[in-house]
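In the two complexes that follow, chain A is the common piece, with chain B as its partner first and chain C second.
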Partner chain A sequence: MEVIINQQEEKTLVELKGRIDTTNADQFQQEVSPLMEGNQLDIDIDCTGMSYTSSQGLRTFLLLQKSVNARGGKMVLRNMNPMVKEVFDITGFSNIITIL
Partner chain B sequence: MRLDIHSEMILEEYRTKLPVFERLKAIVMELLQRCLDDNNLIVSGLEARIKTERSLAGKLELKGYKYHSLDDITDILGARIITFYSDEVDLISALVERIFEIDWSNSVDKRKMMETDRFGYMSLHYVCRIPESVYNDPAMPELNHIKFELQMRSTLQHVWANMYHDMGYKSDVEIPIEYQRNMSRLAGMLELADEQFSQIRREITDYRRSVQSLVASGNFNEVPLNGDTFRSYLELKPFGRLAEKIAAINQAELYEDSLMPYYKIFYLLGMKTIGDIENMRNEYSEGAYQLALHQLAGTGLDIVACSVAVQNLCIVAVLKQGFGEAGLLKLFNLVYGESSYNAQRAQRVFEQAQKINLVQ
Partner chain C sequence: MKKRFNPIKDKSSEIINYLMASPDMPDDEALRFKLRLSIEEVVENVVRYAYDGGIGWLEVSTQLDNDSLVLTVELRDAGVPFNPLEQPDPDTTLAAEEREVGGLGIYLCKQLMDSISYRYENGNNVLTMTKMIWK
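Take a look at the complex of A and B:
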């Protein structure tokens, strides 16, 4: 699993690669935790390279979205492959998180 | 601008006391904000300003002879509360009276001063002081002696005052007679609009109360579906049991998300009453559970959103009514907005539903 964070002037771009599962979910949360405390309003997450997310990954996305919303920003996930999208759909997380 | 010696002395006193006024402004704003918060009141605006030296000099040039000292000028600090509705002005004023000491001899209710043949749309002005019992700073005792002005008005009264001020007039007598009639019409219209807004709000509040009791009584077929009734219905947690059953598939944590967005979906699905939703829930809950079981079992996913219950109910309703894959696509477009994912998802869910005999 790889998390590439690119702070831009207007928003933060995040690129996710590989699987988020029980072996690395904590690492994923640690790597994105600075984004929960930052001032940057909007976060744009590119999921092109993400092949799976576990429940723990869903929880981290939820925490991230809450922190972004709390400071008046928006978080979007883009370019999800069908397998990952299925996880969001069957858990109802597609109703909570903006997926473009 | 040339001022006489007396006015110059008042102006000098103003310069000296400016830091005290700044402090007073901060305290007044804090007290007012706390008062609003404590009473759960949301207002359209809360603002304060200190009269500029230029503005004060202008006032002194016109009528400096009226004032013995700066203490006689009560609007050096002016605060303003702008309410949404005209009937909230009285409520706010009652609360303000509990905080500040009001100088009644200099306070005016301009709303009641209007003569029948005059026009204008005014507000309530109080001249106040902070009593020591509310705020006391031994290092700055002046804070309890300085008077300030507090205006309370509705949003539309504020609109009137702003427009009037922008035209450069200070009282209605200055308006040329040829424009007085039109200004009167406008003032009347704003006053009527203010009253109407207050009345509509009261009626909506009454309606919401009656809807809450109707929903609570369980006479769902008599309750029309709208945003208010749906919100009241959700307070009964009608989808809670289904959501818990779905969560139990993987012993999952249930995340409580808002179900309000589904109001629009139920409405677009042709539901007219809360009873229609109840019928759907009773009829399709088992199918919704079976779909979740098929999708979640064995995945190890141990968090689900409450909305998954409603989402699956809608899916089953669409399929049982024979709308097929195209119906699912339409549903997903409504729920998530049009997206390239929706067609894939409609196809996938349709295939899953076929396997568990949910397709009509």
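Take a look at the complex of A and C:
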């Protein structure tokens, strides 16, 4: 699992790679925690390389969305693998997180 | 295939990998994804919560009925009696602000597997999940 954060002038570009599972869910949450504070209000996450997430990973996505909403920002997830997308659909996360 | 892991503290990955390597498992990538996710959620529940400090055993098995093509995955432990299916399902229609964090694991299993059942038998928690597969 890899989280690459690239802070542009107004946009925060993020690239997620690999699997988010029981072995690294805590690490994932730690690595995205910079996105949950300050003025990171326009977050664009490329999920091309994300091949799997367990419920622990979903938990972090929900926390991230709550944090963005609370600060009046916006967040999009792009290029999600169809199997991962199904997990977001089943849990209703597709209704509360913008997936392009 | 059946194996008893003891102790199980920090052994989630090993137990999940053992089950996913079973010859009863399908090759299809999308099916494997659903099975892997469901297995991870239930194994993780036992490893984290069944025993105080993770000191205890977990027996896992797979069985494939070649006529019906129904795969059965079973978990058995001697931990605190706990029926995970009694947890209420999350309300998937709520807004982000109202959604509770957590409680998604078993819900995912219910949605991704064909059936999931729990029984308490001879002092053991027994969780059984089935999925029809195509080899």
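Here is the rule we use: the second predicted complex is superposed on the first by the 100 of 100 C-alpha atoms of A that agree within 3 Å, B and C clash if a C-alpha of one lies under 4 Å from a C-alpha of the other, contacts with A are read in each partner's own complex, and residues count from 1 in each chain.
As a convention for this text, a residue touches a chain if its C-beta (ideal position, glycine included) is under 8 Å from a C-beta of that chain, and two chains touch if they have at least 3 such contacts.
Just so you know, these numbers come straight off a predicted model, no measurement behind them.
When both complexes are superposed on chain A, chain B and chain C occupy overlapping space and clash. By the touch criterion defined above, A:85 lies against chain B but remains apart from chain C after alignment on the C-alpha atoms of chain A. With both structures placed on the common chain, the touch criterion links A:15 to neither chain B nor chain C. Legend: residue contacts after superposition of the two complexes on their common chain; A:99 is shown touching chain B, with no touch to chain C. By the touch criterion defined above, A:23 reaches chain C but does not reach chain B. In the superposed model, A:69 makes contact with chain C only, not with chain B. Of the two partner chains placed by superposition, A:42 touches none, neither chain B nor chain C. In the overlay built on the shared chain, the residue A:58 is in contact with chain B and with chain C. Of 97-105, 187-195, 223-231 or 295-303, the segment of chain B whose C-alpha atoms clash with chain C in the superposed model is 295-303.
Residues 54-55, 58-59, 62, 87, 90-92, 95-96 of chain A lie at the contact with chain B in one complex and at the contact with chain C in the other. Chain A contributes residues 21-23, 52, 54-56, 58-59, 62-63, 65-66, 69-70, 83, 87, 90-92, 95-97 to its touches with chain C in the complex.
If you check the complex, the residues on chain B that touch chain A are 252, 255, 257, 261, 292, 295-296, 299-309, 311, 335-336, 339, 341, 344-345, 348.
By the touch criterion stated above, chain C contacts chain A in their complex at residues 12-13, 16, 29-30, 33-34, 36-37, 40-41, 44, 90-97, 99, 101-102, 104-105, 107-108, 111-112. Across the complex, chain B is touched by residues 54-55, 58-59, 62, 80, 82, 85-87, 89-96, 99-100 of chain A.
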